[in-house]
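Consider the two complexes below, in which subunit A is the common component and subunit B and subunit C are the respective partners.
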Partner chain A sequence: MGKHGILRLFLAVAFLVLGSLGLGAQTSEPVKLTWYIVGSWPQAGQEEVFAKFNTELIKRANIQIEIRALGWGDYDQKMKVLNASGEAYDIAFTAPWMNNYVQNVSKGALLPLDDLLKKYAPKTYASMAAKYWDAARIDGKIYGVMNQQIFARTSAMGGRKEFYDLAGVKLPQYPEFIADLKQLEPFLKALKAKLPANVTPLEIQWESLREHYGYEQLAPGVIVYFDDKNAKAKSEFDSKEFKAYYDLIRKWNVDGYLHGGEWVSVKDRAPAFKNGEIAFGVGGTYKPGGDVELEGQYGGMKAVSIPMSAPVATTSGIVATMFGIGRNSKHPVEAMQFLELLNTDKELYNLINFGIEGKHYTKVDANYIEGMKDSSYSPNILWELGTTFNAYLQKGQPADVWTQTKKLNESAKASPLVGFNFDGEPVKKEIAQVDAIWQQYGRLVNNGIGSDKEYREILDKVKKAGVDKIVAEADRQIAAWKSSKK
Partner chain B sequence: MVSSPTARLGRIFIHLFMLLIVSLCIIPLMAVFSTSLTSESDIAQHGYSLIPLRPDTTGYELVLKNPQTLLRAYGVSILTTLVGTLVGIVVGALCAWPLSRPDYPHRKKLAFFVMFTMLFNGGLIPTYLVTANLLQLKDNILVLILPYLANAWFIFLLRTFFQTIPMSLVEAARIDGADEFLTFRKVVVPLATPALATVALFYSLQYWNDWYLALLYINTESLVPLQYLLSRMMSNLDFISQNVSAMPAGVNMSSLPRESARMAMCLLAIGPMLFVFGYFQKYFVRGITLGAVKG
Partner chain C sequence: MSLPAILLFLLFNYLPMGGIILAFKDFRYDLGILASDWVGWSNFEFFFTSQDAWLILRNTIGLNLIFLAVGLTLSVFVALLLNELRGNRLVKTYQTIMFFPYFLSWVVVSYAFYAFLSTRSGILNQLFHVLGLESVSWYTEAHYWPFILTFAAVWKGLGYWTVIFYAALIAIDQDYYEAAAIDGAGKLRVVLSVTLPMLLPIILVMALLQVGRILNADFGLFWFLPMQVGMLYETTQVIDTYVYRALSVTGDVGIGAATSLFQSTVGLLLIWGANLLVRRVHRESALF
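And now, the complex of A and B:
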């Protein structure tokens, strides 16, 4: 026992005495919270990181948190059971695509947060414009705290820079964008001519082109155009855009720009991108510094990212990642205080997202870090665990990436439906059927191997599956939402 | 042995039929085995094949790189399977034996009670509430064992078999001075070994293959059984590849295990069961012939 040991002993005795006198506020038991998150869990080194996170948290706010980190495939199912059984958890990830936000609110699984936010998380509340908070409102109340990130959605394509340079055809750069897919043809032609024969020029997905075609999807098969001031729901497949896409992709397949039939059965294309067997892929969203993030997908090669639409702000983009507080939480105040810390304390945010310095990453300078190779902790979900604007920069990212991102968010055109959250529950059956039809035909369409017969089949089947019912339900909900806003 | 042409034709037909059934069982296993030994680029280029073109062990290396998780999951699975099967067979047999005894007065009521659980159950949420809140079994190894111990279907299977044991044997034992327990242990159990072995196999399969209980009740990594580890791996990849357009920007798929690793994991998970099955098989055969000889 050295000098410190004696000091510690002295402190412990002092606290004991003070505590018994009722003076030592610090010795009170920390408040225990439970926090459900989703991601590529478990990570090998998570115990250690979570333990350190807790030590730091107790120092700052006398809060202890039990992190229940679940995998992508389990989270939704588990949260359904927890919510239905009224389990007393404190904080959980919720979004339109995972642990469905609207349904959680309509079933009363989440607490309204308006007062808590203003009182216990004033900085977080002030950090986002009122229009963004409006996106999270349901019947006038906020039930989720958004994790700030890129709110705007911009269709994009990406690929290896060496292939882009090889083609030698310039494509528009942000803020310019590819307004019409046909603009890509000279580029694809050059790629096809110059690439080795075993490399396919393009992989494309109809699902990733919503902003490009200027609409927002409310449910499978049902869309609303951004420039439609009346915000009338329409059928997704019975549109001139889908027909144009269908025919163009068929032509591209004939021209040899796509993989075609050969690859229809291969579900997982990631290795092909990594090995350089596919040169360019349409998907994801354009964002500042996005080409650095893409490098991982392209086996560490330099990558480029090209916008294919103007940035658009939609409800689903804004509320894409939120934390809600459980209805039966015993400590809603502390839960909100925790969320405020997560969104304002850089050190905490970076600890939970990147792990421990020297073990899971190394610092290059004050702001830049580099991940360790084969790190035992790299959940890679910056967008989930707090505001990304607090994140360390990764090698290659521009120093002002977060300023640029904020700017992009502000420049985004707002969809007429910002603040509207579609509840698919009443037409669940129809939605599942339309979705199943797309699962069946989607790859055929995206690989350009369907004929006119399949095109008619899709339209026909979607109609029979009751797409009109979903459209009618969407219109009804939109009308109700509009009248509630007045 | 001389056989008529029709009989020979019949035999050829039966053999072909059996070959078909056997290949239906073996081909998927071979495909899994072969995929586990194929590199990613070969899968992408040539698709799946029954014989690996160029054997490649990266899948196994990936899975075994971090063996602690796997070994711990093995430990949990083996423990729950062993304890679950042993206790389960005791519970099942002790419940089935009285049910099969014509001299037990309440057997109809009890049989109905057991049968009722086959037709109706509490449903997911009430079951969850009882297990998690009332019994406080979350994150407890017992939660992986207790819920499957009394299986109505297995109990009836055993009861039907016990009913074939002549009552006169039991009476003879009683005359010789054996009490109920001794009769059960020395007379009934030895006679029922084939049935007990069959049900034990069912129990062990049930425990070994279960991941659902872990999904619902387990949050601690050290209590994750093998099948849940596997199903989690599979469902993670499926979820991301299907929902990538709905997810926020920046979800990185490149960190997920690939096809060959998943198949390697698959084989490691079913491996022990293949041996167990082989061991139990001799009881199956004996069970059938026993019945046949006695008529």
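And now, the complex of A and C:
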């Protein structure tokens, strides 16, 4: 190697070193987070949206996020395995009904967030009243950040507007509601008479009527009535409400309002609503502007939604959708900063929820958007990914929909147990057994094909499964919770 | 030579046995396997205090025994028939056709069965309709299901078992057949006096291995085929599906571990007991 050779080598090395230093000085490596979410994933256009979301996120906070978007059927199972194996993840969706919040906390899967919240997400923390945060507290600590939305729960039924008009029988509109299921009978009768023979008038579920019957469920088979000032736990099935429901649904099946035996088994309800095999379904919660959101469920047809109870604020309604930070997260600070952004940055929120403008939706004016037909990105989970109050309005929604929602939240009657979270660990054997019984008989009850024999079997089995033990445990925890509040 | 096999065995079969301690622990994610609290036998209570425990055990053991008896008899019979066929191509064709269901997943099979059994649009009920018979609501009547499940299990496994027995059959020395022919034995005589006795060891070994798994139900079969209809649980609920269903609510690793430890222990005892029996009757066929 000659003189020039050495010189050249030296220069090359110098350039390399300087070059990398120069780069290093400009931007530090972005912090990488992993984020588990649930929904109708995968969406065809998600790679593009997620990439854009990341570009924006790096610009704002130098955070890069790997979005692990799982389908409805996979999420719960997968999170159980992840938590049990102790895999490190940063943020995950958690709720009473999906990736169970209380269970996660009692088994030590989530980090307490009180300090992180105050320090790194002050705006989010200030945006919700203390009573709402209290709902997320377990033994005094907050383990999840709620997505602001409709907190009040209102039993509801929904269906295509064309079927509603066809029946020609008026049903109560908000703030009126169906106080007694029997009020539905003239409507169902008209539906049955006027619908084509292959369309079933109604699909109904006992599990969706808790507010209608005026109680909240603490654990499978155990409830507390809203108007019970002492908040005494009771057996869910050994109640006059369950008996009345059981008998009424049997009658409705005989009258031909339900789908009967065939449906007990196999068919999925979602596609049946979409293609109009079932006219009306009981489920979900009534919310202002909710008719527009329902259209997706009914194959894009105009929909109506009818309230079946007064709005009630319950713990499970308030913490219905949350994000928790994993116990093994290496970047809890950045994870909280990310949640602050998701809840305060309108642009980010709308990007992850609606996709890219011009590609997945078009702007009608400053606030309103319209989704593209057959869009490759429409997860339709506004309530999961950040606060809905930042959402663009969808065509058909009233302009003040979010104000109305906030008002409804405030006006809702509070359950005596707001802020109480039941920990099922001490009675997990009993809970598993009671739940197994409902899994066995639930569809039979909801399709009205049982007889008195099955009714007695349910009561008998639930009793033998130890429902009284769950009731006693609930009473004990409620008493402890009450005395801790004083 | 056998070192890799031994290593694999240690790694995948013996090392994970350490997890058995989970059956006696209240597993918490943040404490981990070793540091979680010991809870004695309380994880075992869940299954044994279930009011359906007896029913579930009956279904698991009873149906497995039926599958075993019917499956074994049929596949030996089919293997004998195959052995009578002359022409390799024909044998191959039959084998392939019978083996095919073995490769299908239970999910696929369950929908194929649904096409037959669906109440409104099922092929069977339409056939009944043509014949002027009442249609049957297959998915709400529990008493049909032992038959349906047996049919499905045998249909799916037949090809696999037949191959094993057929392989044993063609390994039988031709001299025996020639000797039998010289003695003037007919077809049936040959089967009874030559083929079956020669086949007995392998039949016993296969049966022994299955007996050890008598408490382990084929999860896919029992989960997917009855479409998880509650009204069929009386005859379709088995240990594996019950535990899965119950624990998907509480997600309790300890109870799951305890139940499967129970299944394995009983399996071990059964194999050992059955082997003892075989040694008495037919010493050289015993496993150990």
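One rule holds for everything that comes next: the second predicted complex is superposed on the first by the 441 of 486 C-alpha atoms of A that agree within 3 Å, B and C clash if a C-alpha of one lies under 4 Å from a C-alpha of the other, contacts with A are read in each partner's own complex, and residues count from 1 in each chain.
Following the convention adopted for this analysis, contacts are C-beta pairs under 8 Å (C-beta built on N, C-alpha and C of every residue); 3 or more make two chains touch, one makes a residue touch a chain.
Quick caveat, the model's predicted, so the values are computed rather than measured.
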{"item": "Contacts of A:Glu207 with subunit B and subunit C, given as first, second, both or neither", "value": "first"}
{"item": "Partner chain in contact with A:Gly284 - subunit B first, subunit C second, else both or neither", "value": "first"}
{"item": "Which superposed partner A:Lys406 touches (first subunit B, second subunit C, both, neither)", "value": "neither"}
{"item": "Which superposed partner A:Gln77 touches (first subunit B, second subunit C, both, neither)", "value": "both"}
{"item": "Touched partner set for A:Lys52, first subunit B, second subunit C, both or neither", "value": "neither"}
{"item": "Between subunit B and subunit C, more extensive residue contact with subunit A", "value": "B"}
{"item": "Touched partner set for A:Asn380, first subunit B, second subunit C, both or neither", "value": "first"}
{"item": "Which superposed partner A:Leu444 touches (first subunit B, second subunit C, both, neither)", "value": "second"}
{"item": "Which superposed partner A:Lys302 touches (first subunit B, second subunit C, both, neither)", "value": "neither"}
{"item": "On subunit A, the residue positions that both subunit B and subunit C contact, one per complex", "value": "77, 84, 265-266, 439"}
{"item": "Subunit C contact footprint on subunit A (complex, rising order)", "value": "76-77, 80, 83-84, 86, 100, 103, 107-109, 220, 261-262, 264-266, 327, 424, 428-429, 431-433, 435-436, 439-444, 449, 461, 464-465"}
{"item": "Touching residues on subunit B, where the partner in the complex is subunit A", "value": "40-41, 43-45, 47, 66, 69, 124-125, 128-129, 132-133, 215-216, 219, 221, 231-232, 234-256, 258-259"}
{"item": "Parts of subunit C lying in touch with subunit A, wherever the complex brings them together", "value": "27-32, 45-46, 49-51, 114, 118-120, 137, 139-140, 227-231, 233, 242, 245-253, 255"}
{"item": "In the complex, subunit A residues that touch subunit B", "value": "40, 42, 44, 46-47, 68, 71-74, 77-78, 81, 84-85, 87, 96-97, 149-150, 153, 205, 207-208, 265-268, 270-272, 274-275, 277, 283-285, 287, 290, 293, 296-297, 316, 320-321, 378, 380-384, 439"}
